[in-house]
Amino acid sequence: MGGNPYQPLPVRIERVTVENEARDLKSFDLRFVNQGERERWQFLPGQFAFLSIAGVGEAPFGIASAPDEELLKFTVKRVGAFTTALHEMEEGAIIGLRGPFGSAYPWTLMQGRDVLIVSGGFSFTTLRAVIVHILKKENRPNYGRLVVVYGARTPGELLYKEELRAWKTNPELELVLCADRVCGGELFGFEGANQGEGKDAVQEGLVPEILKGVKIEADKAVALVCGPPIMLRFTHPVLKEMGFKPEQVFLSLENRMKCGIGKCGHCNIGPKYVCKDGPVFCYEELLRLPEDY
Amino acid sequence: MKVFLKNEDLKKLLARFVQEGRLFAPVRRCGYSGWDRVSSVDEVVLSREQAILQGEEVNTREPAKIFVFPRSETLFEFEGEEAVETGEIPELVVFGLRPCDGRAMAFLERFFVGNGPEDPRVRQRREKVTLIGVACNSPADSCFCTAVGGGPHENKGLDVLLREVAGGFLGEAVTSKGEELLTGFPEATAQQDAEAEKLKANAEATLALKIDLNRLKAALDNGFASPIWERLTLECVNCGACTFLCPTCHCFDVFDETVRGRKRRSRIWDSCQFTLYSQHASGHNPRLNPAARYRNRVMDKFKYTVDMLGEVSCVGCGRCVRVCPAGIDIRVAVAEILKEAAQDGR
Amino acid sequence: MDKVARLRQRAKELLEKQEVVGVLGYRASSRPGISQVAFITKTEEVDRLIFDATCSQNLANYLLKVKDKGKVAVVARGCDSRSIVVLLQEKQIERGQVYILGVGCEGVIVQGEKSVSCRSCQYPNPVIYDEMLGEEVHFEPEKVEDEFDRLTPDERWQILSAEVARCIRCYACRQVCPNCYCPVCFVDASMPALVGKTHNVSDNMVFHIMRALHMAGRCVECGACHRACPMGIDLMRFNRQVAKIVRERFGLVAGAKPDEMPALTVFKPEDPQEFIR
């Protein structure tokens, strides 16, 4: 990423997918407008980028696609001025992309180890990138078990349902899905998955609770955790019980960001910037930082 | 080599820049002085000591950071979704900034340019500005540069340091730009040098405050949960005066605007003292409590920048002390923190 | 007994008897000529309370900060008391939450000077109080000879632009004002954005004019905003003008009469309305 770090590159929206029943989460698959820019745009899962709309603004989002995927995927929740404008964009529209920024998940450490993913809500985005990346045929042998615990408020709020369905029956990973509330037999937008039917179930329960039922040898594993602050708070004790030491747990944090390159000051946690020194932090490091997040 | 510039020589030198329309100097306003583009060299009160007697303050209200990091700036314009560079950065000469501001410029340069991805506009602005600093012979009661590793006659971050003596100024070039500026002036005599040293010693003698920066860092390393922050900030109204006038504060907000039909992305100063500064899109605000925001500022100046770049970023200019509408004094905060640490046996 | 001694004595008594949880007043700062706000909660700290011409903040602003702690005593001059009246009228505080220690004021002195607001003040004594500390103050207010009304709109624009050109949008003026208590200020609105954020004269003008208009009928002309401004902008020029218009058109002065509602919250048939044809 050379040139002016504040300037976005133009990308075209190839596909828009509504991800949840509330219709406030949309995935955008993007293609670079200019020849050759995709090849230069190298990143690893865990990193993020800014999406930009001229005259409206920009905001940071975790990269939901894996490095080898042709299109770049971002999943965006509509919360304010910029995301509303983005949600109103249609396929074919051009927007801006700036990045990649930040730290990735600890890929070197993860080599040869089991990978436990714990995620809640729409923080799951960068973890989709992790899963797709690990599942790639050439990459899969480099990792041990891939165990994923992913939950949302309701099954209708789960992201990437098509892929979740495929992963449920993929022997290369173990996928545990849960929701705070599972309403009886029929589930919105996620047909075929119903309560309490073995492997295909979306279990009822909060992510930290469901996590307790996972059997994994902590000393051979690395845990990647990404979710809302409250989920993080209740997940740590469970991981500790399971034998995970702080050095083996990695969190992806979010914060208010403007520049993405560690200059504007907004995202600091003590002397660290979430955009530059994070967003992926080792839990061990986080314990040494002030609780300013 | 130290040279000597007679008052008339300095005036002639500055007149050249005035003619080119690119000299900025302190200009007296009501009760303080601000930066203005000078249209006539006679407007410039060369002797800063004279200026103080005439009602200016020891340093300008706005710090010299405005010359590399202006209050608002267009980052680029848009043509469709493509970014287009805009706004030639002009060559400027700044006369009359103080050693504290010079030190701050060096810090800002390190922070914006020498630290990870570089900020191109700050770099370009620094390259195009010439900083002619003037040493302090009469620090104010709000000054404490020596307590934080600076000094009234220090030259760090400047291109030229001028030291006021009888009849003119001793001139020291700090950078090659400065050397070029000072070519042709006669070498200063030993007498003039001694005079400057004496004035420096006198100035330093008035700066009585001493801060054990290492002890302060250690106190802050352990001071996050201290009750001190609540105690110190009842009076804080959470405006941005301290941060905006601080020579090393660098936070900014980025936003888009459409001006006369043209879309652009701009930045303006932002302050960690504002409530919305740390608010997430989800509505969560880790620094909702004003005490947390004040703590962040003090921590950043005396601990976080030490962790990040190895230096304290408070330069002791005293502006925050002078302008705070609530009368909050960062020296008092520092003293309280050290006192508490000592009481706890730290 | 002088005012300050009386203040300290009463503060001590109110705290001892637990009639209030704290006393909001002023104390000396680290620098001569500058005071800070004090919220005294312990009887052994009452001697920190002072009252003199260096006391520059409007304490009604801080009342909003501490009101949730319980019943609070507050030192109030004429302007502060009128601000308290406005807050009472706007239901930001309740009468039972405050014990007002009224005190007469001869003006705030900053760097040896008394501002126009203080020199021309018509309300040096509190309009509402639970007790008075010392005697009322009486002085002849200066008559302000204002050229402003005789100027054309263009000339006025020149003067105002020159003032706001140096505004750095630190919002010190807004933060020290007791009337500015909106959870989200109009400058921070984003959907839609109402004011430009940059420091060009146009955006600065919108901010200052709008703020002054939001003050119409509410601003007590205490001058705290002017004293707070780090760039020495003549903010009272805006507020004084708006207050003058309210006085002339509605015959009302902000907070002067506790029983009267603020000018722009009430409509009376006899209100001047020559602009409606």
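To keep things simple, chains are lettered A, B and C as they appear, and every chain counts its residues starting from 1.
Keep this in mind: a contact is a pair of C-beta atoms (placed from the backbone, for glycine too) under 8 Å apart; a residue touches a chain by one contact, two chains touch by 3 or more.
Remember, it's a predicted structure, so these values are computed and weren't measured experimentally.
With centres computed from Cα atoms alone, the innermost chain of the structure is B. Counted by C-beta pairs in contact, the busier of A-C and A-B is A-B. Per-chain CA centroids place subunit B at a distance of 32 Å from subunit C.
Between subunit A and subunit C, the centres computed from C-alpha atoms are 50 Å apart. Note on chain placement: the centre of subunit A and the centre of subunit B lie 41 Å apart, centres being C-alpha means. Touching two or more other chains at once are residues 253, 255, 257 of subunit B.
Shared contact sites, meaning residues of subunit A that touch two or more other chains, fall at 80. Annotation for subunit C: no residues touch 2 or more other chains. Interface residues of subunit B facing subunit A in the complex, by the touch rule stated above, are 75-76, 78, 80-83, 85, 111-112, 115-120, 224, 250-258, 263, 265, 267, 270, 272, 277-282, 284, 286-287, 292, 296, 299-300, 303-308.
Those residues of subunit A whose C-beta lies close enough to touch subunit C in the complex are 80-81, 84. Taken together, the subunit C residues at the contact with subunit A in this complex read 190-191, 193.
Considering their complex, residues 29-31, 34-37, 39, 57, 61-62, 65-66, 111, 166, 168-172, 174-176, 188, 196-200, 224, 227-228, 230-232 of subunit C touch subunit B. Of all residues in subunit A, only 1, 4-8, 10, 52-59, 77, 79-80, 83, 94-96, 228-229, 254-256, 258-259, 261-266, 268, 270-271, 276, 290-293 touch subunit B in the complex they form.
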